[in-house]
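Okay, so chain A shows up in both of these, paired with chain B first and chain C after.
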Partner chain A sequence: MTLAARLDRTAPTVSGRGQRWAEARAGSLLALPAAVYFLVFWVVPFAGAVYLSFTSYELAGVPEWTGLDNYRRMLDDPGFWNSAEVTAVFTVASVVPSIVLGLAIAVPLSKPGRLNGVLRALVLIPAAMPLVATSTVWSAIFADHGLANTLIGLVGIEPKPWLTDEGLALWALVVMTTWKHLGLFVIILTAGLQGLPSEVFEAAALDGAGPLRAFARITLPLLRRTLLFVLVIAVIGAMQSFVPAFLLTKGGPAGATEVLPLYLWATGFGFERMGYASAIAMVLLVAMLALSLLQFGVLKGGDDG
Partner chain B sequence: MRALRGTLLSLVVLVMLLPVYAMFALSSASDATDLGGLAFDASQLGEHLSQLFAEGGFPLYLRNSMILSLGVALLEVVFSGAAGYALAQLTFPGRRMLFAVVVGTLSLSPIVVLVPMYLVVRQLGWIDSFQGMIVPFMMSAFGVFLVRQFALSVPRELLLSARVDGAGELLIFLRVGVPLLRPALLTLFLLQFLAQWDNLLWPLVVANDPRLWPLPVGLSQLQTEYDFSIGLVSTAALVTAVPPLVLMFVLQRYYVAGLTLGGVKK
Partner chain C sequence: MTMMTRRRLLGAAALTTTAGLLAGCGSEPEATVPADGVPRGKLSVWLHQTKAYDAVFTSLLHSYLQEFGGVDVTPLYVPVDKLDAKLLTAFAGDAPPDLFKIGGWTVAGHARKGRLAPVIPKAMGVSDEKALVATYDQSAVSSLSYQGKLYGVPIDYTICCLYYRRDRFAEAGLDPDKPPTTWEEVAEYSKRLTSADGRKVGLQWILGNPQWTVMQLLALVRGKGGGILSADAGTATLATDAGIEALRYYGGLGNAKLSNPLSGFGLFATGEAAMVVSGLFAMDLFPALNKKLVFGRSFDIAPLPRWDGGRPVAPAYTWGWAVAEQSRLQYTAWHFIDYLQRADVAARQLMDASLLTPVKGWEKLPSTDTKAMEIMAAAAPHADFGPQTPVWQEMAKSLTDAADAVAFGKKTAEQAAADFDQAMRRAL
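Our next item is the complex of A and B:
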């Protein structure tokens, strides 16, 4: 219970019908735009997406009820399965290193000190840059004569066609995405680490626990809530990622980077198959919700840690 | 130990900033063959800048992005602010229902409702218009939720003493509520500005007219338009990155507060 709510009980109240009427009037007035907005732009579209996913609908015509046809078609659609797989690989491959590296940087960075204060500001720069700008730069970094090939050339590796090789393109996107979001996760984890009670660590040090043991036994369990938050936003962010694949590779070569959001966009607005695109959207939504719930279940455990 | 840690951390951060530096170096690249170098040539960058602002497209994209981002951010602050305050502090009919819708919407994202949202905007006749780009994002579940959480901690006695003084509810909102909500509203302004500055998907869907394109759509087009003049495209990327970076540094406290919302135990 918040302090305000606790104080509230003892505080005198202005009550009576006059006050209730005044609150109802002001509240309705302040909330009315929100009610209209959420109805028109979220509730109706969401209901629409569910409905359209059971129809065949090209922009020029009218939606035609086809039952489960879209979902059945999805099962046999190699394009869909390819995108689902690309998204799964992309998500795992970009989330895991982001969190591991993020934690490795956040632990020392969360300690007090002037230098750390400066570094904490600098580490956010990639995250604050627009994704469109970073995508442009990274497409030049991954170009034939780009920085990536120059750097691997220094250790004697042959230049590689990063963005046009089926085996490499997705990994190039993973590298860029990890780099882009790392600072974000570092800062969130740093804030979480700084909020941990220092007495526990002092007690552990007195008991003779080494830094590694203290990290595994105290820091990680106490940080669970922050880790869960980072994990959920990282996974959901990766599953919805559209811009890097759109700007760096356009989903190519040969569909190797055609993530699900890109496939959805192309299905709906490239081929104007709105019903099928909506069915893909539903699958994406269910997958995101299921994964979030799973993460809550696994990491939340019994206590409210 | 401390010195070693500092040196190591500094090195890691430097490596992270290498691509940012590469953006500067690339902006001064004269042709597609010197992409791998990290030399920076200020005069070449100046030339690219004047070229970029002399041609039709880019200044227009910049202006459109300003209209879109400022418009969305300001509307968010006003309307999500009002709704968040009302949900936290006032009792009115439909309050529970509205809150349930807000919480439900939190788990949806634009990509999920992309098709029907487009159909709604088309129905309203807003394809190829600023309304079509701005209004669908003029509020957000995240924004309402953020303001509500923050407004819950506003001490009731403050509102109460104003009520005892006979002030109307709307006046109390403006005079007492808004000043207290300032940090939350600033955070919201910043996050929504940054989000719209970087929004590619929605303008791509609703704006076919190049005169309405904001920077993300324009930039993706420049890549093909200038026939791989990497120097020019990187300069455009550099200019695009400046407003968010400036805002982020000025409002860093609010930025971090927004990011860590929900992730840190209070």
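Our next item is the complex of A and C:
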């Protein structure tokens, strides 16, 4: 007996409906671990945070239902508004240069060539480094006698107190964050650029379009979906940024770097007002969702990817 | 694997789990005072790291274990700036250690939430709480009480004084043997000690640090006859003449933009700051930060200044030993604490680790820091532990925001004081 015949004899004989049912059951079983994980580590904590945001809970005893009090309190809390403003400035200031620089670097790096391959690997190094380690490195760079002051000293500028001047500290964090995330954005944009159809560019060249015109009229519109992806993850990442401010400035000086996640953390774990902290988290989530939807609305379309 | 084997495996797992659960439920909490009065059990202890104290603690631990064979102790050393957060996480997760070092300023907050066990006087060899309190400095021990109950015994006590750089004073033509005695003089001296570019200053505050902001402002506000909170800690009282004047003075001294990872402490060690307000621990800290600093030659200490014609105020704080309400070994925990707090141990701790346990008569304990001890002893009657409120962390953060805003010129003293009072209205 041939192998095929043997296999044919051992295969279960089920009708089409029965087979679909068996496949569905197998699929459900295979998906079960992921579903349980999602339920336990995402849905339940999220539902818990939503519930807590309507309560007064101080990490002891039982949460006490207070309705919308936490949300009303936010309107009247200068600490919250200061943090919201700092977060907005930090997000815009770190996302825009990250994407503009990322694109500027990705365009030449997307061209074929062995050197470009090496450069692409090098540019990804900061993104691969742990955030805590990079924050520590940057605290040394921004120190009084650190690299930042040495570099500006070369062009005759006086040393600056980067992390203790309330006018400079946020910008120091922006520089660090941009440096950290730039590599990842370059790689994503490079991949997007390499996926664009070459014949469109060849046709444009035949029609006499210069590189700048081709970039503005062809590359950018075709790259929309990649740009949308980068923009969404960049904005969400910036709005959730906690580690650099926590490690480099602790939110100071004078609240100049107290981003919303840091304020949320201090409210929850410093002041033990977990209900209020949950309400802040909900507002942050809604803001991120709204911004993401807005970005999808503005940048929808595009053919890349 | 056959079905039988699987069943056996599941059965074994279920049995193990049940046995574990039963074992957990079965461990009886220790009676408040065991009939035989003998401590026993396995204690977990959290304390913050200092090399000098570790040496004292470790030898005490060994001798205690030898003397009381039924006790085992597992210490965990936590960096000082992480201890509060680690304790809070442990309480929130229902897994606190049996006993731990705790900042006196956080006792009210934890006690209100039922996390701390009141002292068991019998475990500490005295008949009642009153007798126990009598063995300590009154003000230090009372800072570890909440609503009339004592939740800890004090260790690592300090009263703030003024540290100044003798070398900087001499450079500026000031007499290093005549440090300023009033806040007005401090401002005057600071003018002479400040360089034209502002990179060297006179007095530099410890900015951005809630605990030190409370102590620094406490001296200024209370000295003016005001307060940060009302006497019953029920309302904020910074937006008063005393509070606003204190904030204005605070914002007028030093250079907020001077940078050092250790804030004013670091700037004093480098010589950029000629004066700082600090505690006993700084006697060891400054020479550790800068090997060239020698006490009496390059730096010195003086009593904390007061306002001209004002009353003396000596901001103070203490750490304490406390026991978790959830501990099943409360008697043993307090018994071990009592062993750590004996008078002979207090003398050794002060000599070997510069750690002051405010036992009764601490002023006479022999110390290598004689001058600091004399200054602290003279200031002790005016020791002020600041507002004792369950929302201390929130109060201190809001006060730091207000003080820093004035120091950085972001707000006027009036605005900052009003913002503080408003923030406290929400918190209290």
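As a working rule, the second predicted complex is superposed on the first by the 271 of 305 C-alpha atoms of A that agree within 3 Å, B and C clash if a C-alpha of one lies under 4 Å from a C-alpha of the other, contacts with A are read in each partner's own complex, and residues count from 1 in each chain.
Heads up, the rule we're going with is that a contact is a pair of C-beta atoms (placed from the backbone, for glycine too) under 8 Å apart; a residue touches a chain by one contact, two chains touch by 3 or more.
What you see is a predicted model; the values in this text were computed from it and never measured.
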Chain B versus chain C, judged by how many residues of chain A each one touches: B
Which of chain B and chain C A:Gly61 touches, first, second, both or neither: second
Contacts of A:Trp162 with chain B and chain C, given as first, second, both or neither: second
First, second, both or neither for A:Arg225, with chain B first and chain C second: first
Touched partner set for A:Ala254, first chain B, second chain C, both or neither: second
Touched partner set for A:Pro108, first chain B, second chain C, both or neither: first
Touching partner for A:Ala266 - first (chain B), second (chain C), both, neither: second
First (chain B), second (chain C), both or neither touched by A:Ala143: both
Touching partner for A:Gly79 - first (chain B), second (chain C), both, neither: second
First, second, both or neither for A:Gly192, with chain B first and chain C second: first
Set of chain A residues, in rising order, touched by both chain B and chain C: 139, 143, 269
Complex interface listing, chain A residues touching chain C: 58-61, 73, 76-79, 139, 143-144, 161-166, 250, 252-255, 266, 269-273
Contacting residues of chain B [partner chain A, same complex]: 5-6, 8-10, 12-13, 16-17, 19-20, 22-23, 26, 32-38, 79-80, 82-83, 85-87, 90-95, 98, 101-102, 105, 107-109, 111-120, 135-136, 138-139, 141, 144, 152-157, 160, 163-164, 168-170, 173, 194, 197-198, 200-201, 204-205, 215-216, 219-220, 223, 230, 233-234, 236-238, 240-241, 244-245, 248-249, 252, 255-256, 259-260, 262-265
Chain A partner contacts - residues on chain C that touch it in the complex: 85, 88-89, 91-92, 109, 113-115, 207-208, 256-261, 391, 393-394, 397, 401, 404-405, 407-408, 410, 419, 422-423, 426-427
Residues on chain A engaged by chain B in the complex (per definition of touch): 2-5, 7-8, 11-14, 19-20, 22-31, 33-35, 37-46, 48-49, 52, 105, 108-109, 111, 113, 115-116, 119, 121-126, 128-134, 136-141, 143, 145-147, 149-150, 179, 182-184, 187-188, 191-192, 195, 225-226, 229-230, 236, 240, 242-243, 246-247, 261, 264-265, 268-269, 274, 277-278, 281-282, 284-285, 288-289, 292
